[in-house]
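One chain, chain A, links the two complexes that follow: it is found with chain B in the first and with chain C in the second.
The block that comes next holds the complex of A and B.
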């Protein structure tokens, strides 16, 4: 099977141009995206002040500040809008015209998602990481940066797989925006962006670390904070890699099944 | 005037009736909505449970009081969805989908509520969340009399919040011709309203009461329910809510004048 690289590259560039056309709107998306974890920062500050203890779940108030600022960074460093794109495509019938092109639809939505991701990563995530490395007392060494880079790559693959899977629900249910909001809520708890996973009871932490979600927020954050051992981080990386290996064929088979159900009344 | 209002309500109810009928037609759609609401609620409860299991929680708020506030936040968002889905409206306006509605003899607000609101959200929440709200009220030993203080402020607050969301959605269309940010903005407002406004500091509390009426829709009605609101402040909030609703209604109609037909 030949992959039409120029076709996907054109999709990538077109998405960049579309982003420039609605740049103020997308700037608002970024502002509210990185602002979301700061809500939990305010909540946990109130909790610390009321509890009057130095540490909760092994985190001091300073660690908690750094953790939630890192969540702001990670919210634009590891994310995907494939689900939202697929929801819009199905609702507008645009999926049909996409399927007529000599391009694979999953790769088209991936090209669009990566284009948006590049914008967020370059314009927001990298500057935030540089600022935070000076003000948030991060444990940045070549080794932690290396681990962080691996986590970023695995996290991106995983979030795109998950988003693609959730996006296919639009084929059956058409209007999936509330469903997508629900998946974000569930993910935000399981990945540790609402509550650091070390605040959970020990047994729950063990279960959560076996799931694929910690790589999306908790693991990269504690890697940069240097608050857990390398063995825990490596175990998390191997677990995620295993999940990805299992998920790729399953998501592919799921797409093949859902593909047959796509219907449109003219697009 | 009276007859116009009567006609508008009749038209809106008829639209909602068909929206609700649609809800029952696809075999999974209804349960899909219920399950997603239950999951959102479960994770909200889990978050608050974790907070109270590792700490003393938020000053002045017991576990069940905070739970009440969070569930009320979800209820408010569901009620608001009956009138307007903010992500949907800018998209509809940009693509000219409002043309066919505007030829109908009703006000712009009625037409918007009939075209973008989805009553089934509220029904889904009702099936999943109302039991939890009732359970919390029993746990808190809340007296039915407390409802007398709560309900008027809550109803006005929800109306003010819904009007604000509608204005925001139309403003997004007017100024940016796009509504990509609406889902993210809604998510921030939702998350923020799940916790007491005073944890964010005085500036945010004022901002989210006077400019974004999350306070008058969720936070202060909860305070009234728990008997913690001064009568003078309560009276101020009632008057302010009415003023806010009228102001938002005027702004909504003004912004809708900028609607350009897309030929759809």
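The block that comes next holds the complex of A and C.
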């Protein structure tokens, strides 16, 4: 199948431009994104002070600070709004306008999601990474940066696959915001952005590392922190790659099935 | 699979589509209960359209027009039946097929709400891979034609409904489609632009052989189309030339007569059906042959008659009667 690159590229650029139409709102979102980890820091400071321990799950309080700042960075480095876009498209009938264009709908929402991703990556993730490289204790070497880059690419592919899968539920249930909030919460636990995975018991860690989620937060964080061995990181990368290979055809077939169920919304 | 079509660019055979919907239960707490049922949006639709035809698709609200259009465009899958559009099966070859289509759906804008209309036009240029020179030429033509000079660089959300409709039309035809579907194209559009829009449509049809399906509730818009297709409850209840619809319930004329003083109304009623009788006034429906009947024309030429006028049966009235009979009769092809 021929891919209409100019069409998707134009969709990407136009979405970028549309994001910039509301600059004040956008600035507020950036401030919120940077301010959010401060809340997590306050919570974990209270936990350390009240339990009188020096380490939890092998993390000192300083490690924990670094971890949650990294989580803030990763929340804009590995994320996707495809699910939200699809929910809105279906509820407001905009999916009809998209399907009237000679473009594949999954690639259209991917172009839009990447557009949003670029904005946050450039304006939030990169500045945060630069700041953190000075103030946090990161193990930044060419090799860790190389591993981090691979994790980010795999993470992006995976999060977009997952978000697209969850987004298709809008075709059946129309209003899926509560459902999406639930998936985000579950994801944040399983990927380790709410609680570092090494805080869990060993058997739970073992199970969690076999799931596709650690690549979305835990693995890239511990890669930059240098707190786990390369073999654990490489195992996580291979596991994720396997999940992606399995998920791509499954999500594609799922979409073909859901596409047939698109109903008549809004005349 | 390659495209296979000779003359009929659309063939719709036995298409059925149903949706699951619900009605609220009785009031109070029980209004939370839902009574689910299947709504038969399309109930065995058959028709074909030849290249270069201009067809008006009519029907009451909820008659299945939008569902039919979405099915033709490959957005919805029919439960039964087959559709062939420009040699493609719409829901299987949607991406290839819609390259040749231009669609304006009233409820689904092609414009990007937060950006000026020109950004949507440019997006369309890339999506349909229109060469820059052709794009600039067509854009200039439509902007001039529809008086959009002061509009197309403004944010879409600041535009009036009519301005948005005009911009939507431009966005849908910039790639010079072979086949255009317009859903209520003149809604909210001012009179000069409405006229210009209709002229543009007629010109595209006449000079470039573009095929059109136009859905509308406005009788004046119907006059663009030579062929009328009427849907009711998901079925085609009329398919034929416009003049056949005009005379579907008999070829009759409306006669308005003003008198100096009340005439012998009984004498007039022998010639047709009296629709309205007022002080020195009579409105009646007669067959065309009556207008050449010697007895009748002599009555009209008497001194008692001040003035009279003859008009054709209004298409809107015919449509109302057609809807009322709900497909008990079908006509046309």
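Criterion: the second predicted complex is superposed on the first by the 257 of 267 C-alpha atoms of A that agree within 3 Å, B and C clash if a C-alpha of one lies under 4 Å from a C-alpha of the other, contacts with A are read in each partner's own complex, and residues count from 1 in each chain.
To be clear about the criterion, a residue touches a chain if its C-beta (ideal position, glycine included) is under 8 Å from a C-beta of that chain, and two chains touch if they have at least 3 such contacts.
Worth saying up front: this structure is predicted, and the values here are computed from it rather than measured.
Student: By the touch definition at the top of the document, which applies to A:22: first (chain B), second (chain C), both, or neither?
Tutor: both
Student: Touching A:43 in the superposition: chain B (first), chain C (second), both, neither?
Tutor: Only chain B is touched by A:43; chain C is not.
Student: Tell me which partner A:262 touches in the superposition: chain B (first), chain C (second), both or neither.
Tutor: After superposition on chain A, A:262 lies in contact with chain C alone.
Student: Which partner reaches more residues of chain A, chain B or chain C?
Tutor: B
Student: Looking at the overlay, does A:96 come into contact with chain B only (first), chain C only (second), both, or neither?
Tutor: It touches chain C, and chain B stays clear.
Student: Taking the superposition on A as described, I'd like to know which of chain B and chain C A:104 touches: first, second, both or neither.
Tutor: The second partner, chain C, only.
Student: With both complexes overlaid on chain A, does A:242 touch chain B (first), chain C (second), both or neither?
Tutor: neither
Student: Pick one for A:211: touches chain B only (first), chain C only (second), both, or neither.
Tutor: neither
Student: With the two structures laid over each other on chain A, which partner does A:4 touch: chain B (first), chain C (second), both, or neither?
Tutor: The second partner, chain C, only.
Student: Would you tell me the residues on chain A in contact with chain B in one complex that are also in contact with chain C in the other?
Tutor: Residues 22, which sit in both footprints.
Student: Under the definition above, what is the set of chain A residues touching chain B in their complex?
Tutor: By the definition above, chain A touches chain B via 22, 24-26, 28-29, 32-33, 35-36, 39-40, 42-43, 45-53, 56-57, 84, 172-173, 175, 177-179, 181-182, 184-186, 189, 194-195, 199-201.
Student: Within their complex, state which residues of chain C touch chain A.
Tutor: Listed in rising order, the residues are 19, 41, 66-67, 70, 73-77, 91, 94-96, 98-99, 101, 103, 105-110, 112, 114-115, 119-120, 122-123, 125-129, 155.
Student: Touching residues of chain A toward chain C in the complex: what are they?
Tutor: Within the complex, chain A contacts chain C at residues 1, 4, 6-7, 9-11, 14, 17-18, 21-22, 93-94, 96-97, 99-104, 259-260, 262-264, 266-267.
Student: If you look only at chain B, which of its residues touch chain A in the complex?
Tutor: 26, 28-29, 32-33, 36-37, 39-40, 43-44, 46-47, 50-51, 53-59, 85, 87-88, 118, 121, 172, 175-181, 183-185, 187-188, 191-192, 195, 199-201, 204
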